[in-house]
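The structures come next, written out as structure tokens.
Here come two complexes built around subunit A, the first alongside subunit B, the second alongside subunit C.
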Partner chain A sequence: MTSLETSQTDKPTRRISIDQVSRVEGHGKVTLLLDDEGHVHQARLHIVEFRGFERFIQGRPYWEVPVMVQRLCGICPVSHHLAASKALDVVVGATQLTPTAEKVRRLMHYGQMLQSHALHFFHLSSPDLLFGFDSEVSKRNVVGVVAAYPELATHGVLLRKFGQEVIRLTAGKRVHGTGSIPGGVNKSLTRAERDELLAALPDVLQWAREGVDLVKALHQKNTALYESFGLFRSSLLSLVGPGGRLEFYDGVIRARDADGQVMVDGIEPKNYRQHIEEEVKSWSYMKFPYLTALGPERGWYKVGPLARVQNCDFIHTPLAEAERQAFREAHGGQMVHAPLAYHWTRLIELLHAAEVIGELLRDDDLMGDALVVSGERVGEGVGIIEAPRGTLIHHYKVDSQDLVTMCNLIVSTTHNNQAMNEAIRSVAREYLDGHEPTEGLMNHLEVAIRAFDPCLSCATHAMGRMPLYVEVRDASGAVVGSATKSSR
Partner chain B sequence: MSAPKRKLKVATTSLAGCFGCHMSLLDIDERILKLLELVELDRSPLTDIKHCGPCDLGLVEGGLCNAENVHVLREFRKQCKVLVAVGACAINGGLPAQRNHLDVRECLTSVYRTVPNDPELPLPLDHVHPINDVVRIDYSLPGCPPPADALWQFLTDFIAGRTPSLGHGLIHYD
Partner chain C sequence: MSKTFTMDEREIPFVEGQTVMQAALADGVYVPHLCAHPEFKPHGSCRVCTVKVNGRHAASCTLAAREGLVVENQTAELRELRRELVQLLFVEGNHFCPSCEKSGDCKLQALGYELEVKTLHFTQLFPDRPVDASHPDLMLDFNRCILCELCVRASAEVDGRHVFALSGRGIDKHLIVNSESGRLADTSIAATDTAVSVCPVGVILKKGRGFRVPIGQRTYDAAPISAMPEGKKP
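After this line comes the complex of A and B, so read on.
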């Protein structure tokens, strides 16, 4: 069978679609082309929205940027807040932040990792795993989980709450805070705030461990499904920290091939452009990145928890490291490519985030008062961070008037674009080919997409051109807006 | 004994928004469990219901940036007795409306070398519009996002049959 990216025959007579992928963040659509016998000829995940952040950020003063870019995404605003801050640290010449600033930012980031992973697993994905991919639509959501597993649902809600509280106390607000600024932070923690978080930590660790246990039990109960569903092989990419450790806030880029061999390592963020390029396809507003050395056909990769946990050499916190080893042992030390294994590794990361938050909270630097540094101004900066969904790149140029003249963003979900398309093609081949596409079967496609925890609104930052003409009329029929066909 | 009260049906959607308003709704934390006892969720990013049925209340996050947003918004207006514009984007376009001062034609291929152009992609609008450019709205909750407590206050007032009113400190414009 062909790759299914583009139908090779004119046989397809039927188009079916999932017009809005649900229980993911943002707007995406899946289309399949089938022939009379129900054979699948094409399967695509389209990103249908564009918003143009990269363009309209030009001409804004650089110090607005860390606050503005958060509006790319309400689920992981902290990732954008910090990636932009890190890029602009370079611009303001803050080569070394104060220990307080660096630790407050780290705390904010690990808080966000925890809340985002909790949200994704408990609120969005667990219904598929607990009830079955083709279970009843009315139950297959967080309301169903609350009814059937009230304790689990409550713990999920409380885990997310803790992460959000960490963010509120470091950033000033749960969603779209303002705590981080170029060169440092504008707030440290008070003793009372620190103690409040520390008091909640034992429960958080306990619930995080229960989460890992749950996902392990799900894998064990149905190993064949979890290891084969949506399977495809690919390279993987992430930042790694000192000594190759798992690291979310800062590090160097490393990529491994599908067998686990390191292909590139130690790439400084500022050199990302020599190693990563992006391809554009006519049917999606989301670009397709790849490693320059390998080209677009072979150079695509996956990012996010499944990539990070296998790309690092170790995890420096004990509970998560034990779970990493258990994960490896369960797969005989082989590289794991099964999309559903994203959930397992995501919960290992959630546990790790809780442990790191504990480490940071015990460090009095959090309460220091040296918050901001600056140095010699330069015209350009790159900031890379591991967002909950994977590697996130922000790159800016700033002129002598303090205005941004160039912005390039490669968000986590964009790195996973090809990977998600491969996953739905794998599912389409195995489950839909030759079958009548029921609601339950169609949800299989969404289950594969959800495993990646895509953030489709992050992925719509770019600005394209108008392909046709459309008018918007109000209730009285008056034209209130229009779009024009591009000149080309 | 009176018959058990019918649960109110609530639908939510995100148009050209960032999901931050939905996150703020989840930021009511444990109260979400109580809320789910009181209302039934129809179409929402949290359920797999793809089209909205008749609802008592519709919460709309985000403005209008493409033709699909307009269709979804119209469907919401048709199905929901009461429609609420939640957050800056729904009320006045919000940050995405920053692109309104740019001539889209001139944005050219600065981002995409080949501009995506496929029947599957909904047509973008030349400007980002607030939702009341297209439909009547009944309430708006300001903020980017509105605070969780404001959403909670609104919902509990609405469910109890009171005229929703936000007390001191619940109206933010940030």
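After this line comes the complex of A and C, so read on.
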């Protein structure tokens, strides 16, 4: 069978689609081309919305950017808010933030990680995992989870609420706050705010541990499914912190190959362009990033929890580190590529985020009043952060009048573009090829996509000369003409 | 015994020379307004302060208070009229509150909330208005100009510099600066000028300030514009 990216058959095919993919952030669709025998000849995840932030931020003052670009997303705005701020720290010469600013931002970010992971697992994915991929569709949703597992659903909601409260107290609002500014932050925490969060922390840690136990039990109950569903092998990429630790806020880029061998390491954010390029394809608004050294065919990779937890050498918080070890032991120390393992690692990260929030809340620097620093202005800055869905790159150029002249965003979900397409092709081969596609079978494709927790609205930035491939077929499906327009 | 007029069945005292709006505000009665400012002569251009006097519409900022006037202020009809005027101001410019640093301190936005502007209602014009960031300390974002002329008046009457003026007519009317190049950098403006601080919206901005004031501490975070003493308004 072919890669299924583009149909190679001359047979008549019919097109079926999932339009739109549900229980993910943003709008996307899946299309399949099937022949008369039901064999799959093409499977694609298309991103059908267009945003254009990279373009319309041009000409705006740089200090507006962290607040404007976070509107890319309603789920992970903090990630964009902070990645932009980090890039603009460089522009305003803030090479070293104050301890208060650094820790308030970290707290905001780990609160974001916690709430986003809770939202994804409990609200969006748990219906598939708890009820079955082809279970009764009317119950396969968060309302069904509330009815069948009220305590679990409540804990999921409260976990998310806690993360949102962390964000509110650091950014000013639960969604789309203004707390981070170039060079620092505009507020620190009061003692009362800190104590309010600390009081809720024991429950949060307990619920986070229960979450990991649940996802582990799901894996153990049906190991064969969880280790093979949508399986494909790929490289993986993420930031790592000092000593190779798991790190979400700041670090250097590391990539491993599918066997776990480190391919590149220690790449400073400012040098990302020497190592990562993006390919544009005619059938999606989402670009396809790849490692320059390996090229577009072999250089694509996956990002996000499954990449991060396996890319790091250790997790510095004890509970999450124990769970990372358990994850490795469960897989014999081998690299794990199964998309459903994203859930397990996502919950390990959720636990880690709760532990880090506890560390930060016990640090009095959070209540300091030295908020902003500045230094020598430069014309360009790159900020990279690990967003809930993976590595997030913001790159800006700013002219001498303080206006943005260039913006390049490589968003977490964009990095996973090829990976998600590979996952649905794997599922299409395994479950749909030769079968009449039922709703339950089609949901298998969505389950594979959901594992990556894609945020499609964040990720669509193709701009300018879109490539185009047009094919004309006769009634029998035979190609009678074609035309191509390159993006270059 | 002071002289009075009636506003929404309430007796409003006034002294000779006061406008209806000045007398009402002094008595603690809010009349929505944008181009009016206590430190400047009445202007009467935005018409958001329109009231109904003896059955006829009038701008309360320019209408002299007179004994025996019967003024309607907070009626459903006037709220609807004022809402439409504010909606028109929104659609004539490019007002993107979510990313505007004046958000929370902006009189137009505050009035939008006050008048319950829930949609723009009218078709947005999306005018093409490049910003002027030529000045080292200040920036002009013409996208947000509501043509209130407060900067024009402040620069001429208080700062003595005559930096700003309005040019063009009708829908083409726009703010210009007083330099041959047309750039703010080539004017005599200073960041400490009253013309800079008087802007009720996000046109005249101090560079680098951005979002330094956290949510919760901005002018209109604490109370709606109608509940704030005039002296504290930006």
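As a convention for this text, the second predicted complex is superposed on the first by the 459 of 488 C-alpha atoms of A that agree within 3 Å, B and C clash if a C-alpha of one lies under 4 Å from a C-alpha of the other, contacts with A are read in each partner's own complex, and residues count from 1 in each chain.
Keep this in mind: contacts are C-beta pairs under 8 Å (C-beta built on N, C-alpha and C of every residue); 3 or more make two chains touch, one makes a residue touch a chain.
If you're wondering where the values come from, they're calculated on a predicted model, not measured in any experiment.
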item: Partner chain in contact with A:Lys187 - subunit B first, subunit C second, else both or neither; value: second
item: Contact breadth on subunit A, by residue count: subunit C or subunit B; value: B
item: First (subunit B), second (subunit C), both or neither touched by A:Arg71; value: both
item: Which superposed partner A:Trp283 touches (first subunit B, second subunit C, both, neither); value: first
item: Contacts of A:Gln164 with subunit B and subunit C, given as first, second, both or neither; value: first
item: Which of subunit B and subunit C A:Pro61 touches, first, second, both or neither; value: second
item: First, second, both or neither for A:His176, with subunit B first and subunit C second; value: both
item: Partner chain(s) touched by A:His219 [first = subunit B, second = subunit C, both, neither]; value: neither
item: Partner chain(s) touched by A:His415 [first = subunit B, second = subunit C, both, neither]; value: neither
item: Intersection of subunit A interface sets (partners subunit B, subunit C); value: 68, 71, 173, 176
item: Complex contact set, residues of subunit C against subunit A; value: 96, 98-101, 130-131, 133-134, 139, 205, 207-216
item: Subunit A partner contacts - residues on subunit B that touch it in the complex; value: 14, 16-24, 26-27, 29-30, 32-33, 36, 41, 45-50, 64-68, 70, 94-96, 98-99, 101-102, 104-105, 107-118, 120-127, 129, 133-136, 144-145, 148, 174
item: Touching residues on subunit A, where the partner in the complex is subunit C; value: 59-61, 63-64, 66-68, 71, 171-173, 176-179, 181-182, 186-187, 372, 401-403
item: Complex contact set, residues of subunit A against subunit B; value: 17-20, 22-27, 29, 31, 44, 46, 48-52, 54-56, 68, 70-75, 77, 119, 123-124, 137, 140-143, 146, 150, 153-154, 157-158, 160-161, 164, 173-176, 280-285, 287, 443, 446, 457, 462-468, 470, 472, 474-475, 480-484, 486-488
